[in-house]
Amino acid sequence: MELANGAGCCCCDDRHVDTERPLDRMYEEGHEDPVSVITGLCRQFYQLGWVTGTGGGISVRQGRCVYMAPSGVQKERIRRQDIFVLDLETGEILQRPVSTPSLRVSQCCPLFYNAFRLRDAGACIHTHSPAAVMVTLLPRTQADAEFRITHLEMIKGIPLHGYHDTLVIPVIDNTAHEEELAGDMAKAMQRYPKSPAVLVRRHGLYAWGRDDVEAKTVTECLDYLFDMAVRMQHAGIDYTEPPVDCRQCYASDV
Amino acid sequence: MELANGAGCCCCDDRHVDTERPLDRMYEEGHEDPVSVITGLCRQFYQLGWVTGTGGGISVRQGRCVYMAPSGVQKERIRRQDIFVLDLETGEILQRPVSTPSLRVSQCCPLFYNAFRLRDAGACIHTHSPAAVMVTLLPRTQADAEFRITHLEMIKGIPLHGYHDTLVIPVIDNTAHEEELAGDMAKAMQRYPKSPAVLVRRHGLYAWGRDDVEAKTVTECLDYLFDMAVRMQHAGIDYTEPPVDCRQCYASDV
Amino acid sequence: MELANGAGCCCCDDRHVDTERPLDRMYEEGHEDPVSVITGLCRQFYQLGWVTGTGGGISVRQGRCVYMAPSGVQKERIRRQDIFVLDLETGEILQRPVSTPSLRVSQCCPLFYNAFRLRDAGACIHTHSPAAVMVTLLPRTQADAEFRITHLEMIKGIPLHGYHDTLVIPVIDNTAHEEELAGDMAKAMQRYPKSPAVLVRRHGLYAWGRDDVEAKTVTECLDYLFDMAVRMQHAGIDYTEPPVDCRQCYASDV
Amino acid sequence: MELANGAGCCCCDDRHVDTERPLDRMYEEGHEDPVSVITGLCRQFYQLGWVTGTGGGISVRQGRCVYMAPSGVQKERIRRQDIFVLDLETGEILQRPVSTPSLRVSQCCPLFYNAFRLRDAGACIHTHSPAAVMVTLLPRTQADAEFRITHLEMIKGIPLHGYHDTLVIPVIDNTAHEEELAGDMAKAMQRYPKSPAVLVRRHGLYAWGRDDVEAKTVTECLDYLFDMAVRMQHAGIDYTEPPVDCRQCYASDV
């Protein structure tokens, strides 16, 4: 099931040398194969408290191949031989873990596919981070079905956003079954084209990027911003408005 | 004292190939022996802040053999040769650490046995997690001798529970000596047959599952939910009631 | 400077086989030499946030030899060749790091000696843990120059204390220079003979035990209790009084 | 691009044996080369939550050579071959990563240079630590454009400061682009000659020292003090004034 570097892909006979991709991206990944990326990042995300209790995870796309972990397994213990490979266009399972036939593919599958199909993402991360869940419950987020934050340096880590911008992440309601979220997530993605993520109330976050490095960077920046929003709310500081003395913001209002 | 894979068990001459067990369980454990499971998980639980100060631990059952750590030792430093083996039915100590005859078996022994005998558990975890202790002290939990929480995705990690359900964990009072808790714990387990855990006020948590993977998943989900309850209480959000706009919940009331 | 197992001690020609010591203690330490204990625990304490910014540390006594780290070095990077050896009775430096003659012995030296001489301790730990500092600033601790806590299971990890007891740790005021604390610490130790620790206001904790395992267990239990006290204070729960429904406590009042 | 120990430097033909440097400094660094220092500390800072989401970092100077990480890369994954070398005086890039020509040098470059040129620093650290950002938002810091704290032991970890002193760190406003901060940072450094750091509101911290060990110690002490300030503010304790019963402080007022 694992692709040697340079070997033809399981489903599309492509050698996965994406010539349009900037070299610095390839360097940052160290040319790691998607299977190693998934197992390695799941261990790292467990340390961050994002994928505890078998929840959360990451899916990586390479050409037409989509790599995904099984459902309901301990994320910090996923092994190379446990990963599924699916076809991007048909959604068909191309390869499944031989040693454990009873495993099923992650229930997040249709949500990961939203990111791949609607945004051409190369990777999508799902967390149950407590900070992400907390911001979906704050008064402002409840009223607006949006999480808004502005004037924190880490906003610059989100593509298309600068320090003076307001970052807006849509919030959708949770459902009894994870796969039922797919329609609402897709609608939110269409309404918020600048957002690289969707929050699910009382549940967690889906965030994506053009590859695993960008998806991870976006998720780390968002999680930091969620944590800061909770801290600021707690200290009575409004995280949704520019500071009153921001000359640039209030000058441009005129 | 350690069983080689496939060797006959110390007490029941059983080879421990549980044919009724689904394959995915066996895969997830990587066929680890109970001794490795205990030493490995104790290190992991120390990192999580669950077994600091020699408190807490885990016991694993395999057939009629019960594997258990000694009393009062540093949990992140337990070695393979330190584990006791007891008989499930008689409670007799079958094997004890040869190199350290003065060691005594964990004081949690009768509490772990509750899980094995009353619920047919394969593993039972005891934590002193600060979040677990804090929820036993919150006003609602004080009044009701129950911890209740609803409408958080992680509730789905607890067997027999869905997102719209209210998870109820009984709370018993602490006693001066750990073994005195066994009777109250057994009564609580009988009164709350759906609960996979019992909270001990001002002390911690006992949680179990059909094997170590399920026990760990349940404990991680519960600890996450305890942490969320403390955070929500702090932010003035009621964690015991469905959100006011939950159509499914209020529609089904009619 | 390092003693091979069984080699004669540097200062007292003793082979350090303490025959009065229970075997389980020797097992738990894995017969580690004091130098390895110090370097290993300093790394562990750094992870716990106890010895950041070169502050804090641990000293271990073996027979008449006292092992101590240098002053002002990064605790998570201490190497075997950096440890000083002092004489317990004279306080004289017996061995110093050859490779780095400019190093000075820890400024905590007179405070560690208090534990060795007044309590016959085998190890003494000093932390700058934020939770320890916070409890010295809480209103009750300010008024009484004592930290008091009762009815939490972890109190049982402190020698001579049970669940229903009130644990009392004296608090002394901080001074401009660490060595000036020694007199006040000694007085507090004499006034509080049951306490295995002294808190220093706006500074941190000194805690000890008959060996490094007991000193570490005591410090972990205390740090957990400090953290719980801050959390309980924050949630408006009195950590200094038995719960109002504790039958044993209020029955015995009569 | 990496210098073997004892090899001539890339830019100044200097063997980097700084004879004015005290031996204990050399020992503490273990004679590590700057490239290893940067890659190792970036991993450690990631664990501390200081450089998440590709933000933050460290630059080290050795003679006239300045070592710096690339812009926008994952700090916990920086490899030896990814580091830039710049000339201290001209600011010219002397060596760049061969394998990844598209990489650009860190945007913090002019801010790191402030520390090297205005303070003759040997290393400068930039963090996005949540505690650092929080203190820039507290009421006192907002009003004064200064962070002030006194009477905590960890203040002694900051050069030129004692326990009874008030540590003052200037706070500058954030800008849309990191390099625009350089002028304001330089002015703040000139106005606060005793401060080894500058806070950037809603952004983070720049801190420095004569070498990487001192820069790291200063940053750890400051981050601890920021965390304590947030905790004390939260508990209603004034962290900017001496305690009312400090005899030394109030006696010296007369």
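Each chain gets a letter, A, B, C and D, in the order it is written, and its residues are counted from 1.
Here, a residue touches a chain if its C-beta (ideal position, glycine included) is under 8 Å from a C-beta of that chain, and two chains touch if they have at least 3 such contacts.
Because the structure is a prediction, the values reported are computed rather than measured.
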More than half overlap in residue numbers between the two sides of the chain A-chain B interface, or less? Answer same or different.
different
Using mean C-alpha positions as chain centres, tell me how far chain B is from chain D in Å, no decimals.
44
Using mean CA coordinates as chain centres, what's the gap between chain B and chain C in Å?
31
So chain A residues touching two or more other chains come to 234
If every chain is a node and every touching pair an edge, decide which shape results: line, ring, star, complete or other.
ring
Every chain pair meeting the contact rule
A-B, A-D, B-C, C-D
In the complex of these two chains, what residues of chain C are touching chain D?
52-55, 70, 73-74, 77, 79, 82, 97, 99-103, 128, 130, 133-134, 137-138, 174-176, 200, 202-204, 230, 233-234
Listed in rising order, the residues of chain A that touch chain D in the complex are 22-24, 27-28, 30, 151-154, 157, 162-164, 213, 216-217, 220-221, 223-224, 227-228, 231-232, 234-235, 237, 243, 248
